[in-house]
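Chains here go by letter, A, B and C, matching the order in which they are written, and residues are numbered from 1 within each.
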Amino acid sequence: MTVSTQVRRSRVHVTGAASAAVRPVLESSRRPARVLAAFPTGVYLEVRTDLEPSVIAVITGEATRLPNSVLLATRLPHVTVGDEATVGDRSVELGRLTLSVRRWWDPAPPPGRTDLARLARAATVLGDPPGAGLAGNDAVDLLASSCAKGWLLGAVTAAEQLVGLGPGLTPSGDDVLAGLLVTLRQLGAAAGVERAVWLAGWLAAAVTFDAGTRTTPISATLLHCAARGEASPEVSAVLRAVAAGQGLEPALRRLHRLGHTSGADLAQGIAIGVSAVLSLGGSR
Amino acid sequence: MTRELVLVRRGAYHDSVTLMRISRALTEMPGVSAAMVAMATDLNLSVIRDLGFPAPEAGPGDLLIALRAEAPEAAVAEADRLLSTFQQPQTPAEQPPLTTRSALRTSADLVLVSVPGEYAFAEAHDAVQAGLPVMIFSDGVTVGQERWLKELAETKDVLVMGPDCGTAAIAGVGLGFANVLTPGPVGVVAASGTGAQQVTCLLDWAGTGVSHVLGVGGRDLSAEVGGLSTLRALRMLDDDPATELIVLISKPAAPEVARAVQEAPLRTPVVRALLREGGPDLTEATEQALRALKRPVPEWPAWPAWSGRTARHKAIKGLYSGGTLGTEAALVAGQGDFVDFGDDVYTRGRAHPMIDPTLRVEALSRAGDTEVVLMDVVLGHGADPDPAASLAHAVARTPATVVVALIGTEGDPQDLHRQAAAFREAGAAVFTSNAQAARHARSLL
Amino acid sequence: MTLLSAPPRVVTVGAGLLDESLRAQAVPTVPVSWRPPLPGTARALVTVLADPRRQAANELAVRRLTSARPQLVRVRRASEVLDEDTFLHAGPPIEWERASGPMRGALIGAMLLEGRARDERAAERALAAGAVALRPCHEHGAVGPMAGVVSPSMWLFEVRDDEHGGTAYCSLNEGLGKVLRYGAYGPEVLERLRWMDEVLGPALAATLERTGPIDLRSLMAQALQMGDELHNRNRAATSLLLRELAPAVVEAAPDTAAQVLRFVNGNDHFFLNAAMAAAKVSTDAARDIPGSSLVVAMARNGTDFGVQVSGLGGRWFTGPAGVPDGLYLGAYGPGDANPDIGDSTITETSGLGGFAMAAAPAIVRFVGGEVADAVRATRSMYEITLAEHPAYQIPGLGFRGTPVGIDVTLVARTGLLPVVNTGIAGRVAGTGQVGAGLVKPPVEAFTAALLALADEISDPFDDQGPRTSSPQ
């Protein structure tokens, strides 16, 4: 890269909104990054950092607001895979754009207090979600039964088989695990089921330990987010509806519209999580 | 050769912020010594006269252009060019909505009304009638209209924020004058916009985020309005899963309304800030909220003046853009002469002092060397993109000693630290807590 | 979903800066292109908007207007419904002294037709002396294009509203060129009127008895999809009507059928008068609803433009009629034009005509302008109307319903006046049509109606208990 031409080109200052999850990366000192993938509605940047999320999605209004996203108020610049970028010192520099954040959103909004009766009602609605990429998979069954029993070893064994399983940027196995982790942490806390939160912590530690080498970088970052209870608004809306005991069907329909199978896979993870919280909370 | 030119364009309406920007751009043109482009309100006509122009026959619906320049015609041409570029860009085939009612054909969640107060009722009415919450930024709406709107809102089960609601934040979205805030557990219900800004900025500094800020307007707790919006906002935050604690910033209330608010059945704990003699100030209320959440109370950042001016100080002069901050400072300082430049009388047909520094720059130039000037500088969405650019200069030139209450967060677009440094270099002491700034001012006497 | 559950999408109205700062936060906004209301209306607007009856009254009024089912039921002689010493005319009330050239010409022609005067001078004298009562069509359940003069020996379409039961009348269309409604009264005009009285009227009356009621609502809905706007373009509707009538005409009046069908076929505007009666019966259904700010009539007599509002009964609010802006026939020019005239603005009042211009791109050749102007005109009318018509749709706008139900509060708030398509009459009595174009209604007619609505309402901010302060 020749610095002189880069400097000469005028930079365009733009603003946007971002998930609070990316705030530590954005507010630490400037780091190099590169374009990992580029789509019409989003660009994924891999940042050289030890912080998570290490992959940041720069998106436009039409894209899913993943928990690692920065939402642009303008259009995306034209970039290609491999292009250099920088992230840090409160801005993202991508192509000719210098992007600063004017709004933060919470990727892990609390779903609100709930109780086991409401979870039980939700569990019947969640059931077996249609269209899940891994319906009937043995590892998924093992994951569900182990979580319901609070059996960490079984859950970890199943999770190891699921990380990176399936095609695409976010493999189905990862989406199931992400849905499960967020649900255990958020609804476990909301229903006061300590054991579910405990399970979430240990399972998350196991899943994220070597996710970086076992699945795509984007999916690994999303698993790190899920481990902290962070998700896209469609997932949060389902958890909120479960907790509130109302509006679950429409929220589920919106979730199912995500990706090819992502929405259905996340919903399957949520269903497993709700059943686990119920069973760990002592409901029969 | 400098010439004067005063033009009136009948019935050409533009909002005051746009016109302020154009005035400023014209003033910066070479050869222009004075420029004012404004709606011909009584206030603006008197400003024109003060600037030495002959005041023409014109009314508040007319556009006024007054220029003193070597080539005023060129400045008029520039004004016309800017006026056309500031018009909202619309694709020609599409009809832009001309009323709120028409705009609501597309789906929306909230209406933000900032037209001049005498016209705000119709737009707010459209929103409430359609079952949408509304934030009325406009001031100058009558109390009768306010009550009417809020009673209609009761039947529609929606929130009316305002009138004269300067600040709100919903799920991180800053509306009006609001700061860039970290999401978190504190919900704010505020009868005062700048009061809410002070509390939320301090919370942000303390690392404790904010869920929502719901403004209710300064008259909501009066007997006439009956606290309808305050009660509704409290219930909404009580039902909001993200909100763990509510800070209620109120103004002195009618006794029966105060009782109704006090007795509102809420599961969420409430910390109150009530600006009156002996009540907790905004900083103390923030500290109470932090303690209630079992979070540490930090030192509020402050930057002392580089060098104290040696003159003997006799009086405090408060030059505030935020009415509540001025009230708070006056209470804490216990003395002095305070002016609220955000009041109706200063903003009719003119941009708010948080955007337009002109009146405060003038006031600083008139301050004497025995005075301590206490002033607020508010950062965030909607505020002057660089207040130090105009005000710090005036601070450096005034013979008075200046104490600045700088209300902002590190996330704000104006860059809190750069603003603080600029005012400090201009000779001011800078505080992020308005109450501390007022105490400091008093200590200088 | 509650307000607090997600970042809001915001409609912004007022300072552009506040909209910009939301956009900078990547918040979707819809900015309103706001302007202050018409001068002198601010207080009245607040009072009228706060009238607790208004919302429901307007909903009811516009529902009645759009749900009306006009049916052409009969053709009958005016003498059956009109007393013999009364002539009807277009627009708000007017006396002979203030009547314009074409209005006078049409009244003179009617006097001659009825045999009440031997010649022009005698007719003028008789009219000036008040020999016949001059009454607005609108006050007799009728409408008339241009001068709109109806005398006892003229024949009328009778249109019934099958939904609400109202009845409205409109004369039969004479064709283009030198015709009574444009103020011409020469021998060929009178001869045609006599033929209409003796041949056309009876033949159509007999025809309708055979066909039974003809559903004008569905016929007009079809015509809109075929490129008519039903004020200045009625070619499709006339064809459709002719198709409905032709066999029955042949059966009912075998001797004169060819004459009758040739006459109807030769006049692209034949349907206009049926459309006007349909519009009248629909707008009448929306009348007299207390608190409603809906416009139920716009009409011109060549001197004044008048407006009536549902909540204000039969009161007229007037301003000077303007001169249309458009294209002129032959050597005529704006200097030859009479100010705006006719009840045909009832079509705009019911969501047709200028309001439906986007349905009729061909109209721009007639009234001047570009096709885009027609689309823009219709789009702008959604800003001042309360509803979109459920049956009258515009294919080019994705079958969106036409803008219908003018609200005087929206006219005052937006400063937009109704778009009216019209023919242009010559100013000198006896000239006839000189052109066609668009005309701007006088703003004071609408502001006067708004102020009158406000006057009828006790202060809505004062009557809610002793503790409420009154507004300044």
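As a convention for this text, contacts are C-beta pairs under 8 Å (C-beta built on N, C-alpha and C of every residue); 3 or more make two chains touch, one makes a residue touch a chain.
None of these values were measured; they are calculated from a predicted model.
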### Message
Which label fits the chain touch graph of this model best, line, ring, star, complete or other?
### Response
complete
### Summary
Of B-C and A-B, the pair joined by more C-beta contact pairs is B-C
## Note on the structure
Chain-centre distance (mean CA atoms) for chain A and chain C, in whole Å, is 60
### Query
Where the centres are mean C-alpha positions, what is the separation of chain B from chain C, in Å?
49
## Note on the structure
Cα centroid separation, chain A vs chain B, in Å, comes to 38
### Message
Quick check on chain A: which residues sit in contact with 2+ other chains?
### Response
15, 17, 102-103, 105, 240
## Note on the structure
Multi-partner residues in chain B (2 or more other chains touched) are 171-174, 240, 242, 381, 413
### Summary
Where chain C touches two or more other chains at once, the residues are 1, 5-7, 21, 24-25, 27
#### Entry: Residues of chain A that touch chain B when the two form their complex
15, 17, 20, 23, 100-106, 109-113, 240, 243-244
### Message
Considering only the defined contacts, which chain B positions touch chain C in the complex?
### Response
11, 13, 15-18, 61, 86, 88, 90, 92-104, 106-116, 118-119, 121-123, 125, 127, 129, 132-133, 137-138, 142-145, 147-148, 151, 158-159, 170-176, 211-212, 223-224, 236-237, 239-240, 242, 355, 381-382, 413
### Interfacial residue positions of chain A with respect to chain C in the complex
15-17, 61, 71-73, 102-103, 105, 233, 237, 240, 247
### Query
If you look only at chain B, which of its residues touch chain A in the complex?
171-174, 180-184, 209, 240-242, 381, 411, 413
## Note on the structure
Residue set of chain C touching chain A in the complex reads 1, 5-7, 21, 23-28
